[in-house]
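Two complexes, one shared chain (subunit A), two partners (subunit B, subunit C).
The block that comes next holds the complex of A and B.
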């Protein structure tokens, strides 16, 4: 029997797509790369996932897990004709209010979970700007972040357990509901593994109490470096706000045209900061941030007067990428991270690169984490522009790495940065990661050629001391 | 002196160290002062399949299966604070740095690594390798959430770095998280980068006569003992006034962390937070305890080992997705019961992972559940 026929027998015709017209959209994520899809399956249960993994393995066909396809690093883009497993039909979840946790199927949308939990005064802390569209499975696979991850940490800090189907067709629950599950923390290694170690079918996530009070500030600056210095100053000054986001003028201008959130478009940069907590604390912390901003030359510092204004500011922040789509046919969104002490100098270099390559560079990013998102807007139909974009992107990474940073803060390595891994890891480091992946997926059938560059596994590493040197 | 020990002493002479009290005399004690030296030692051990016991502060050696070592690898000479970036809230330290020493240094600039509050001689490497968290995990999460980078010397002597010195990072597989709590099963955790937090402006300890269903919005820590409840608060001065007024009880300035419950037998009962109250009703009345509401852990101290009560409690905990772990006890106890209890269902995968780092299984062999 053919692969597709076997899958149809398992799932029925409706949940197996093989018509190229229908599978085409599954060849791409929200980044710029495309790959080839053999078929798409839409399982509705863990048992179905196990069964289809078995079928794919018998046919020797690579399996590529997929959530909503909002990833930006090509994580769900097949590198060879593959079976794409879309988890979007798995949308059930159960909230345990007393333990502040929830078992969530992989296809549940991030925002749906938080909106439901809000009824119990709780939320799922990781809040990627794509939260209305992206899935919990995708968040887990990418260890996604968001503006409010500065104080609360990224997805991995909020996942207590995962149920995973491995390439061998095993179903394992890693982690657990009680604290410090015994044995190795394999949960922690599956989170952020970008679909290479297993298909996450369910996750047990921590829910966080909604803060009783919040203050949201918007400060504007005549120079980008003053905004960056404010970020470093706030962190060095002894408070970790709930969020500390930066946008530059090109970005605020685009957002204002798109949603009208009330960002000043005459400032070179704005900082959006939020402090949350006990009502008696937020005032003092907001004052501290204001003072640091003013000592770094801030112009206006405005505090959102009410929940409506606060919500509007956040809507503007989270709509930023949508806004960019209105201004240019194509964009390339970068993601890298640097120590927060290096923000001022790194931002200067970011703009220098944009100038040199004559690219429209816009910035909106998680400044408090040192997590940069330089975004290049362009028109791919123009001659040679893609080369310029790619070279500029590589230089951006080099600048961040030279400043002691890392390749990706939250979007993942996927295909996009796979070949840059040797910039930050030695051959021995990469070899160890490859060996780890082998323990889960010895034949490399799950999301092959992602995360690690070809040749990471070097079989002769391991014994630096020559044989026979002792006894 | 056994011939193995003298042969090892001859080969590892450069790294030899003082004997450690309470450890078998037959073992050669070595204390490397660099990761490269540690790699030489582990390469040798792996080549000849010699069991190695990693010894740090000695405060948590009761965790996990017993190890009968040929080599004791002490982290005492890996004791440098390598790189502290106060303005970035990160610090890089070698494994053997004492928690108390690190926290004292960090406090000079108003920072903390949120490591265990009553560490004794415990080291940073020990806290990370053991997955040991303090009371403040209620507010800041477990220790493993703050491990940003690790330099691991694998069981077969490779030096492998994972993670990075930035607070947010998804560059490659998260080896630091795998290393946290690995109890040496991957090798020696030689050096770590930790995420720091600013120390709060003010702190209070509030003592209440009995537990409550709710202690207000995200206190720093809560410890319930048989005859009192300690609530730890941190924040701005105005917040401290408001919160202590809300709570009532007896209020003192500062954080007055309690010592461990008395007794030579120490257990850790771990349950879904929702079941904590019920768990307490199942603990024999002669046992002392510290219950951590919201976390789901009960730290137990007892002066004698009651096998029947232990088995009943473990059975109940495991039946509800939890565990009852022996964290310290006299040697006889480890002969009566497995310190972990029933191994997790993922043991097969765990074995495969461990084999990629320590193929000859020489570092702390048998420490993990399932005698892994």
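The block that comes next holds the complex of A and C.
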């Protein structure tokens, strides 16, 4: 029996897609790469995932799990004809208010969970800009972050347990309701493993109390350096704001044109800071942030007067990527991390690289934790532009790593940065990671050729592996 | 050349111990087990650790790393004649105030680090009761906790990177200064791996700002259930206190006799709660805790009036284990975790087990995160008492696990709970953990026969492995 026929017998015709017109979109994510899809399945339960993994294994077909496809690093883009497992039909969840946690199926949307939990005064802390569309399973796969992860930490800090279907078709629960994992932290290596260790079907997530009060500030600066110095100054002053975001002039201009959030378009950079907690504490912390900003040469420091103004400022921040789409047909949104104390020098190099490759560069990013998101806007139909973008993108990462940073803050490695892994990891590090992946997936059928470059295992031949085709 | 001679050539005579009178103490920890030591080495640098690992490997001798020996679960107790590597000579550290972090050698004492960082308004958040004696390397090996880990998280949340000497003698740095690890979280599996994956020689740890204000409350209750209900009520009320500790009557009585901290000895249980942050916020949170305690039938709720009274309350808490030593020649301090919402029923079973085995049972524990520390006081010279203690201890763990809890909160697995691992892990889970350990230590020479029970690898024969000899 063919693979597709076996899958149809299992799931019915409706939940097995093999028509290229319908499968095409499952070969892409929100980034610039695409791959080849053999078939797409839409399981509705863990048992169905177990069964379809068994079918794929018998046919020796690679399995690529997928959430909403909002990723940017190619983590869900198949590198060879694959069975794509879309978890978007698995949307059940149970909130346990007393223990402040929820068992959540992989296909639940991030914002749906937080909106449901809001009735109990709770939310799921990781808040990626794509939170209205992205799934909890995708958040787990990529260890997703978001503006409010500065104080709260990324997804791994909010996942108590994961239910995983392994390559051998076992269902294992790693972690548990108790706070500290015992033995080796298998929960911790599955979070962020981008589907290479197994298919996460459910997660037990922590829910965080909504803060009693919040203050949101917007400060503008004539020089990017002064905004960056304010970031370091705030943290050195003893405050970890709930969020601390920076946007540069090209970005605020695009946002203002798109949504009119009231961002000043004549400033070189603006900082958006939010402090949360007890009403008296947020007043004191807002005052301190204002003082640090002013001592670093801020122009105007504005405190949102009410919930409406606060929501408008955040709308501006979260609409940034939509705004860019109004300015150029294509964009490449990057993701890298530098130590907070090196922001000034790295930002200068980022602009220098953009100038040298003649690319429009905009920046909107999580300044508080040094997580840069340089964005290059361009028209992909122009000859040679993609090569310039790719070369500039790799240089950006190299600059960040040289400053003591990391390859990725929250978008994952996927295909985008796979071949850059040796910039930060030695052969011994890569071999250890490859051995761990092998322990979970000995035949290499789970999202193969992702995250780890060819040659990671010491006995690999190191032959080059294609990193997908550009759209 | 003999092993000892080679080691002497490397380190000199002073830092290689082989006289049984001097090595004996290195075969024990602070618990009740002992093992056999071939020799003890005291390296002073990572390079020396690399060299001695090479020597041990050539001789095929197991290597057991060790900090201050304050562990309770037998993690540093050799199961066969071994080379014990004491890291206590590696005591250098560098605090980086601007990035709020420190590179710390494994032998640095936990309290030394916090006392040094206090000059910069910072501290290392994990605060085990043994913090005046235990080392950062031991904290990393056991993923140590402490009263203030309720809000701040355990050691793994405060370690950005580890420098590890592998079984092959490589030096690898896992993690880094940037906030989110990329790739598989090898840093996260090394923290808590109890020396089975490699020898951690240095760690890059986060330092946490000292809070601007703190309020410490002591509430007493006529019924243990009411104290437990207060714990759930406080958390459900939206507060995560910095610490939330419970002590029962036998324990407060012992403490009062020992240090006179002003704990009421007529109450069935007391709760010690601490809230930290902005002065106004701590007032509001202290008021809320008082209200929850009173609505759950608290007798007296006392707020420490000044720093002196606060220090005295904490002295009482931290002196608990010293106090017990005044009441009986021996004690067995246990460690297990239950979901906070199951505290009441599990506590009732804990007392029932103690009654049944005729053991004096005292409790002092991290109630906020459900981390129980039942303590049995006894005289080991009485016939048969150790068998009763051991049987009762295993039953305690089984009760906790049956309630949805975990084997260990912060003391680790070591030898004590190794053979209980199948209570919470399936064969597939254990096999995955064993494969990971194999990836790091293929010959099984690094702290062998710890954490994972015999038969963890699917092809193991499952022969029983000795869990040490009682002292």
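Rule of thumb we're sticking to: the second predicted complex is superposed on the first by the 457 of 471 C-alpha atoms of A that agree within 3 Å, B and C clash if a C-alpha of one lies under 4 Å from a C-alpha of the other, contacts with A are read in each partner's own complex, and residues count from 1 in each chain.
We take it that a contact is a pair of C-beta atoms (placed from the backbone, for glycine too) under 8 Å apart; a residue touches a chain by one contact, two chains touch by 3 or more.
All figures in this text were calculated on a predicted structure; none of them were measured in a lab.
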Side-by-side fit of subunit B and subunit C on subunit A, or clash: clash
Subunit B versus subunit C as contact partner of A:317, first or second or both or neither: neither
Touched partner set for A:8, first subunit B, second subunit C, both or neither: neither
Which of subunit B and subunit C A:142 touches, first, second, both or neither: first
Touching partner for A:411 - first (subunit B), second (subunit C), both, neither: first
First, second, both or neither for A:121, with subunit B first and subunit C second: second
Overlapping contact positions on subunit A, where the subunit C interface meets the subunit B interface: 98-100, 143, 145, 153-154, 156-157, 166, 170, 172, 174, 176-186, 188-189, 191-193, 209, 212, 232, 235-236, 238, 277-281, 284-285, 337-341, 369-371, 404-410, 413, 421, 424-426, 428-429, 432-433, 435-440, 451-452
Interface residues, subunit B side, partner subunit A - complex: 7, 11, 39-40, 43-44, 47-48, 85-90, 110, 131, 133, 137, 141-142, 144-145, 152, 154, 156-162, 164-175, 177-178, 180-182, 185, 197-199, 201, 216-218, 235-236, 238-239, 241-243, 268, 270-274, 294-297, 317, 321-323, 325, 340-341, 343-350, 352-357, 368-370, 372
Subunit B-facing residues of subunit A, complex: 96, 98-100, 142-143, 145, 149, 153-154, 156-157, 166, 170, 172-174, 176-186, 188-189, 191-193, 209, 211-212, 232, 235-236, 238-240, 277-281, 283-285, 337-341, 366, 369-371, 404-413, 417, 421, 424-426, 428-433, 435-440, 451-452, 461-465, 467, 470-471
Subunit C to subunit A touching residues, read off their complex: 97-100, 121, 143, 145, 153-154, 156-157, 166, 168, 170, 172, 174, 176-186, 188-189, 191-193, 209, 212, 232, 235-236, 238, 277-281, 284-285, 337-341, 369-371, 404-410, 413, 421, 424-426, 428-429, 432-433, 435-440, 451-452
